[in-house]
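Just so it is clear, A, B and C label the chains in written order, and each chain counts residues from 1 on its own.
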């Protein structure tokens, strides 16, 4: 089952396209990281998947074919928006009560226990909590709904490093226990590197990279060699090139691990951050499953 | 060891504060839509007053041009004029009391309340202008606007209601028209604004601040109307029938009572009992289906040793009272605005 | 690390029962209890004043009998009070109605609320229905109290028509209707404008416009008005218009003025005649239409008999006092329909709202 599947999805606000020609298929059971610069369209994409916005073009379905925003979708997806909105004049207990009343499934015992562990006082008004505490509250409410898919929009922004670690540990534990899928966005990749096993890179309103992290890393490498060697560009699928005096570092897409290394060049494996940066610097490049706009005709494998 | 010294720059001085004009521009930009909406609404109201006022004036012109004024026919003309227009005029006058409170509360309370509620004060108060200048600048433009608008409405209302004042049907002094005329209308509007501003900075939630400000203003108005105003200057006492200044410039009668032959005050139901027991005079038709028994209560009672007393404020005190009320309202407004600034200064983010 | 309890998940693909409505009862109450408390307090205070006034009024009527109602002093007191109370529905709309949705949209909490399992349309419908019912009930009680309070003086022969604009919409079902439509206008403004204070202002303006148009134009036409000759209808009737006709056909006031001018008089208001200001030079030129009004010193022709003799007739259109309740039901009815329409439009807009 694909937790999120989009075909040609686009969203326009007045005259500007915030998201365009977005085609994704995120399989269940993954922790998907949605990364990209500010204003790239991440929030728009997430809003479309949870039913807060309707598409201007294309289709989006969730949880194996349900329409985004339908009652079944609302039931199975828990969403925490950017800056974690809560009712500022309600107490924490009231927020628990509120979430219970508005949903079919709510594990109040778990929520209260977790809040106790985090040291969030139940009687305090939600508006008086610190930013980090509000974020933890919002996450707790979302997890207590026992969703099939958890969608988080920039959840780590307000958290200190320890809290971030704790947050992600909780998420990962839940994923491990009941196979919850997660999609979370961030513009800081380093934090997600350890946990994400699916990557979506959005830049300028378009999806540049989408695929399992393992596959992506296996499918790219860095070749280091003499800068003067210009024939490389015709033969290899070069994503990005960096020159330093006499040396050139090329980030290339490979057909597989068995691709031969050209003589005079060295091959290194590529890290996720380096990969993302390279693609961000080359807006025209893309690594997408299925027919995609790649520099040459070698598509990467579709992960299903 | 050489010490590092910074040479004094020629002409260096403490930085100039951000000029008021720039702050005013910011205020204007933020409130453009609101101001224009309010002006449209008030414009519609003013148009209504204009149209109705013209009607009143032209109808009244024929009342005044009727001669002789004391004839029965002319009295009928006057009473018909009253029946036609009086209720409409009175109603619109009462409703006009809404202008000060709405203008003040909508303009005053949300400014600071929203800034504090949404957290934008963390941006605004750390700019170069500083929080006090910022607050004053934000309050200044709406304050001036509502005051000027109120003054204009006050003038318009005086013109609109003039026929009813001139004919003696209503008095500027007594009752509710005092706060719609003179300087009182403007002063009450400014007071509403100041109450709103203080409520906004204390309560920090726009809707609650507006509600609290309205309630506070209404309470103040009620207390003034019912108790305070009559005592600005010690009332005069008059003995005997009639009150000085009747006709079209009546005094403001605070209370009237009768004392019996022994000098003690007579309660009013006993009074009515006495009048009912008095011999009745001829019956007079005052309308198509209403008759009145004509007993001259004053003559009968005075003949039997009763004295009427009236406590009143003479009509000549209208303007002194206006200045007194306007004065203390202005002082209150300034006090409240000063309190607002003080709260802004002391408030920790 | 607390572990989440695992249990068998229900078959998710099956048709889902909607989350029960009663959950929303607590939600609406908890979020709006301050507003509703304020509403009850404000109407309660006003109601207390009316109760005391009502008792006073009855006491005075009992003590002084006919003299009291005859000189209409109670009426004088009622008019300003009634005028002041007119603003209550508008305030209800602005303070209770406008913030409901506008606040969610302005603060962004809709991103939490509308992604819960309950669903945004049902959430909106439940919340709006609950508050609307509360407003209608409280307003209905208040309208009843107002009617009770001024019952001794409205409609008695002193001539306060029950259909008079200033008291009509404070009594019976009309007050509840006006409060409800104010609430409906408020929530619609809230979802359109998405900011609380501008929505409040828009609500006040829109409601005022509707109330003025209804009082000034609509209400007089709920049923075809009756017409009577002469300019003096029954005292408790509500006069809508007065005009002249010539031989049965309506004639413009300027034509009548022209005729009057030749006599040296003008008609300043229907039935109010005065001397032409340009001074046709005749003293005692005031005329009324009651028989006894002819001034003894008048040397002029009373224009009314002259006009009647020439085929002019005075006609008054009015609504009789007996039509009070039919009009109440008509007004209450269309206000209710309009409110439901506006609330339905609001829910539809909630559905269509894009983040």
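Definition applied: a contact is a pair of C-beta atoms (placed from the backbone, for glycine too) under 8 Å apart; a residue touches a chain by one contact, two chains touch by 3 or more.
What you are looking at is a predicted structure, and each value in this text was computed from that prediction instead of being measured.
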item	value
B-C or A-C - the one linked by more C-beta pairs in contact	B-C
Most centrally placed chain - per-chain CA mean versus overall CA mean	C
Distance between chain centroids, defined by C-alpha means - subunit A, subunit B (Å)	62
Whole-Å separation of chain centres (CA-atom averages), subunit A against subunit C	56
Separation of mean Cα positions, subunit C and subunit B [Å, integer]	25
Residues on subunit C engaged by subunit B in the complex (per definition of touch)	34, 38, 63-64, 67, 70, 79-80, 82-84, 86-87, 91, 95, 99, 103, 157-158, 164-166, 196-198, 200-202, 204-205, 232, 235, 266, 268-275, 277, 283-288, 290, 292-295, 297-298
Contact footprint of subunit A on subunit C as seen in their complex	1-6, 9, 12-13, 16-19, 23-24, 26-27, 30-31, 107-109, 111-119, 123, 352, 354-355
Of subunit A, residues touching subunit C in the complex	47, 50-54, 63-64, 71-72, 74-79, 81, 83, 85-88, 90, 94, 97-105, 107, 109-110, 113-114, 117, 138, 143, 145-146, 148, 169-170, 173-174, 177-178
Subunit B to subunit C touching residues, read off their complex	33-34, 37-38, 41, 58-59, 61-63, 65-68, 71-74, 76-77, 80-81, 84-85, 87, 90-91, 94-95, 97-98, 102, 106, 110, 114, 175-176, 206-208, 210-211, 214, 269, 272, 285, 288-290, 292
